[in-house]
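Chain nomenclature is as follows: A, B, C and D, assigned in order of appearance, with residue numbering initiated at 1 for each chain independently.
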Amino acid sequence: SDGEKKIRRFSCRLSDLASWENLWKAILGEFIGTFIMMYVGLGAILAQDELLYVALTWSLIMPVLISIFGKISQALFNPAITVVFWLLEDITLLQAIFSVFAQLLGSAAASALQLQLWPLDTRKPYYDGCTFNVPIGDKSGTQRGLINEVVTTCILVFLLLSLTHRGPTAELQHPQTLLVAMAVGATIFCMVMVGAPISGASLNPARSFGPSLVANYWDDHWVFWAGPIIGALLGMSIWYTFVRKVYITEEKKDS
Amino acid sequence: SDGEKKIRRFSCRLSDLASWENLWKAILGEFIGTFIMMYVGLGAILAQDELLYVALTWSLIMPVLISIFGKISQALFNPAITVVFWLLEDITLLQAIFSVFAQLLGSAAASALQLQLWPLDTRKPYYDGCTFNVPIGDKSGTQRGLINEVVTTCILVFLLLSLTHRGPTAELQHPQTLLVAMAVGATIFCMVMVGAPISGASLNPARSFGPSLVANYWDDHWVFWAGPIIGALLGMSIWYTFVRKVYITEEKKDS
Amino acid sequence: SDGEKKIRRFSCRLSDLASWENLWKAILGEFIGTFIMMYVGLGAILAQDELLYVALTWSLIMPVLISIFGKISQALFNPAITVVFWLLEDITLLQAIFSVFAQLLGSAAASALQLQLWPLDTRKPYYDGCTFNVPIGDKSGTQRGLINEVVTTCILVFLLLSLTHRGPTAELQHPQTLLVAMAVGATIFCMVMVGAPISGASLNPARSFGPSLVANYWDDHWVFWAGPIIGALLGMSIWYTFVRKVYITEEKKDS
Amino acid sequence: SDGEKKIRRFSCRLSDLASWENLWKAILGEFIGTFIMMYVGLGAILAQDELLYVALTWSLIMPVLISIFGKISQALFNPAITVVFWLLEDITLLQAIFSVFAQLLGSAAASALQLQLWPLDTRKPYYDGCTFNVPIGDKSGTQRGLINEVVTTCILVFLLLSLTHRGPTAELQHPQTLLVAMAVGATIFCMVMVGAPISGASLNPARSFGPSLVANYWDDHWVFWAGPIIGALLGMSIWYTFVRKVYITEEKKDS
């Protein structure tokens, strides 16, 4: 998309002020987007006891945020996906690093605000390490949790890239982007259904970081960094070697 | 959109009869739209005990109403959003004032009709101050309720304006508007999930006014005026200073 | 749409064999469509005890059927809506009469097939007069049930016509029709949520006829003919005098 | 679609290396797609006790997979549908045979991976013959189960072909295909609601094969081959003699 190229151009010419503005907008976009994602997603977890309510909320807020922030900041909201987009050269290293900080900050700020509405002493389990239902305490639990985070993030990233990185998609305008974003939301719903009872289905280090920080609870926190990042790299690799080739070949034949 | 400009032109020339007709249509549209919204939304609350049923009903009826009444009356149905659209000069002050009256009247009429199907003595809690689950009775509850109404309406209005006030959207035709309206419905679902247990997630003074009137219950009613209006102004400000600029800049570069 | 005009032309020239073929297709389409609607919708009622499951099933199968049978038979599946389309001259009287017979036959056939899977002695309440939860037995219940059927069908038909009978919609192609049909499905979901506990939310004489026939249960059956037909006529009138004018005026100004 | 024709061309000229590549991609696509479908769908069954969660997961993952793999492998993921597409000459016999093997392999691999997260001794009923709720053990149960699999697969294939095999659809681009795929997902949701309590609503031999293999449970397994295949052939026949003709006639008149 246009925003993409503008920011990439910035990596070449640091003197280009317009690009600095774009970078600043992208970072601020990541902060606001992750803040809303976490305020809404964590809020649903704190306010509702029912997994379906939580899963639907996550799967419905994400398409809205993706369609709004897609052209502003690539709508990453997730350090694991940020790494993938940097490796695919969709964003520069500088934007990637700043984006991760903005995501962690947005997650922490939203968690702190929710703490005012749902104090820690009444809702402690919901702030603890991003697990809704089952804490991954013992060794076997940690291992299952790690496998779960790896596989679900792998599937998420594979499907996400297959949906968004297609030739004809590049020219998508609002509101067509909403349809693609809805498919991403549907994927997130499925991953929560499959993974929530095992490890809470974080899929996102930033999503786990904020609640862990305000609750000062760090048991097994590394799982929610290692799992999603390993899974995202795996999902990207499968997409890169298989699906990407298909569409590149097709585009060549079209033109 | 066309309807927008026609009505704005009316504010200049009061002698333009065609515009008077448009204004009348807009007011009647706000009445009918708010009546259906309240008959359906309040009806679901009265008929069902399950929050999910209520949240889904609100989030599914709104896109239908928005796509139908968008070109007739801007599909406001909410005094807080009416204020925002007036400040953004999407509607004149006269249309804004009449719209709010039509919304309150529509809400009251729908509540009165539901009262025939679900008498007050059997369903009193559901008519009381728009709270489904938790009455905000004590001081601390009122404060949490106000914060909740402010933040959720702020997010709603920020996302709503980001979705609907975009350059290319202006030319959207039916049924593309439905996709954008569905995203608004998805946002409403999320806000209900986050806010219902705290203050009933009104987000809309007209939504609270009707049931309060037929039940003659006014405790904490001011929260459902102050909260949504403050939140809407906040959401508009964040949108105005951040997202609006992004798309204006982009449009300039496109043309 | 094209199919519409072809059939209307038929009403003028009875010798036009191609039109006889179109009429035959339309009648067969109403039979197959109503059969699938009833097999799926009644099947969900028989198989599931949860209202949400039933409401989602109805609201998801209808858009699929509407988008498929729209160009074949106008996708009526409902005697009350058939009357409305005849009054609006979308179909001829002949097509209307045959369509109603096909709908009743399709509903009866689907109910008879479901009877093989869910015998009457185990699932009697679900076949009785289309009420899922609350039978409308006493006088007061019948009155509330009638009001409920009138108002919900009125809203359904008002929203349905507002969604489908719009200038630009006429040229809609697959899959854009799916978006409009989804909005109709969303409306049906809302009507079920509002009306199911009062009268089962039939909204459709054909929907009530089939199960009543196989169960030989006719108490209050007239409510499910009078209610939807009165409501449909009311909804059409409001649409005709208000929304239709708006879009006609707009189209004139466009051309 | 393009991919379709390329593969069909391959059936004529075996020396065309590019087509061998397309065939290989199609087979690999069926493996990956069925693997994700089964990992997600079976995973939801294993992780959740609630039918709604399972039905929503299946109905949301399918549109994503169909829109991604449609141009790669026709997104079959189902031996019964593979037979239909072969009879309709959408795929060659060679592709059909390899696709079925890839589907069975993908289903088995996903079931084996889920076995690591949810061991057989804790979740045995969920691996047994694809029934979530009600085992079809006695004679009467088997007969009802067979009827159920036949009728639901018949409706699924009839609606699927009516949605996807339409003139104007052929040129559909991403993300418009998503809308059609969503309608397929909605149909699957409805079939699960109608059929799950009777026979688990498999609709797909590959879906039943994987879990049966890892649990080494083969009681009534033939039902999940015979039922879906008979139903699919029935659904195709009804579509072929009725709906297909309508659109072919229409296209001729258009051109």
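Here, a contact is a pair of C-beta atoms (placed from the backbone, for glycine too) under 8 Å apart; a residue touches a chain by one contact, two chains touch by 3 or more.
Just so it is clear, the structure is predicted and the values come from calculations on it, not from any experiment.
Novice: Same residues or different residues where subunit A meets subunit D? The copies count as same if more than half of the interface numbers are shared.
Specialist: Both copies touch with mostly different residues.
Novice: At what distance in angstrom does the C-alpha mean of subunit C lie from that of subunit A?
Specialist: Once rounded, the distance between the two centres reads 42 Å.
Novice: Using mean C-alpha positions as chain centres, tell me how far subunit C is from subunit D in Å, no decimals.
Specialist: Result: the chain centres lie 30 Å from each other.
Novice: Which residues does subunit D have that touch at least 2 chains other than itself?
Specialist: In subunit D, the residues touching two or more other chains are 52, 176, 179.
Novice: Would you identify the shape of the chain contact graph, picking one of line, ring, star, complete or other?
Specialist: Per interface graph, the chains form a ring.
Novice: For subunit D, which residues count as touching subunit C in their complex?
Specialist: 51-52, 55, 59, 144, 147-148, 151, 155, 158-159, 162-163, 166, 168-169, 172, 176, 179-180, 182-183, 186-187, 189-191, 193-198, 238, 242-243, 246, 250, 253
Novice: Hey, which residues of subunit B end up touching subunit C in the complex?
Specialist: Per the stated touch rule, the residues are 2-3, 25, 28-29, 32, 36, 39-40, 43-44, 47-48, 50, 52-54, 56-57, 60-61, 63-65, 67-68, 71-72, 113, 116-117, 173-176, 178-179.
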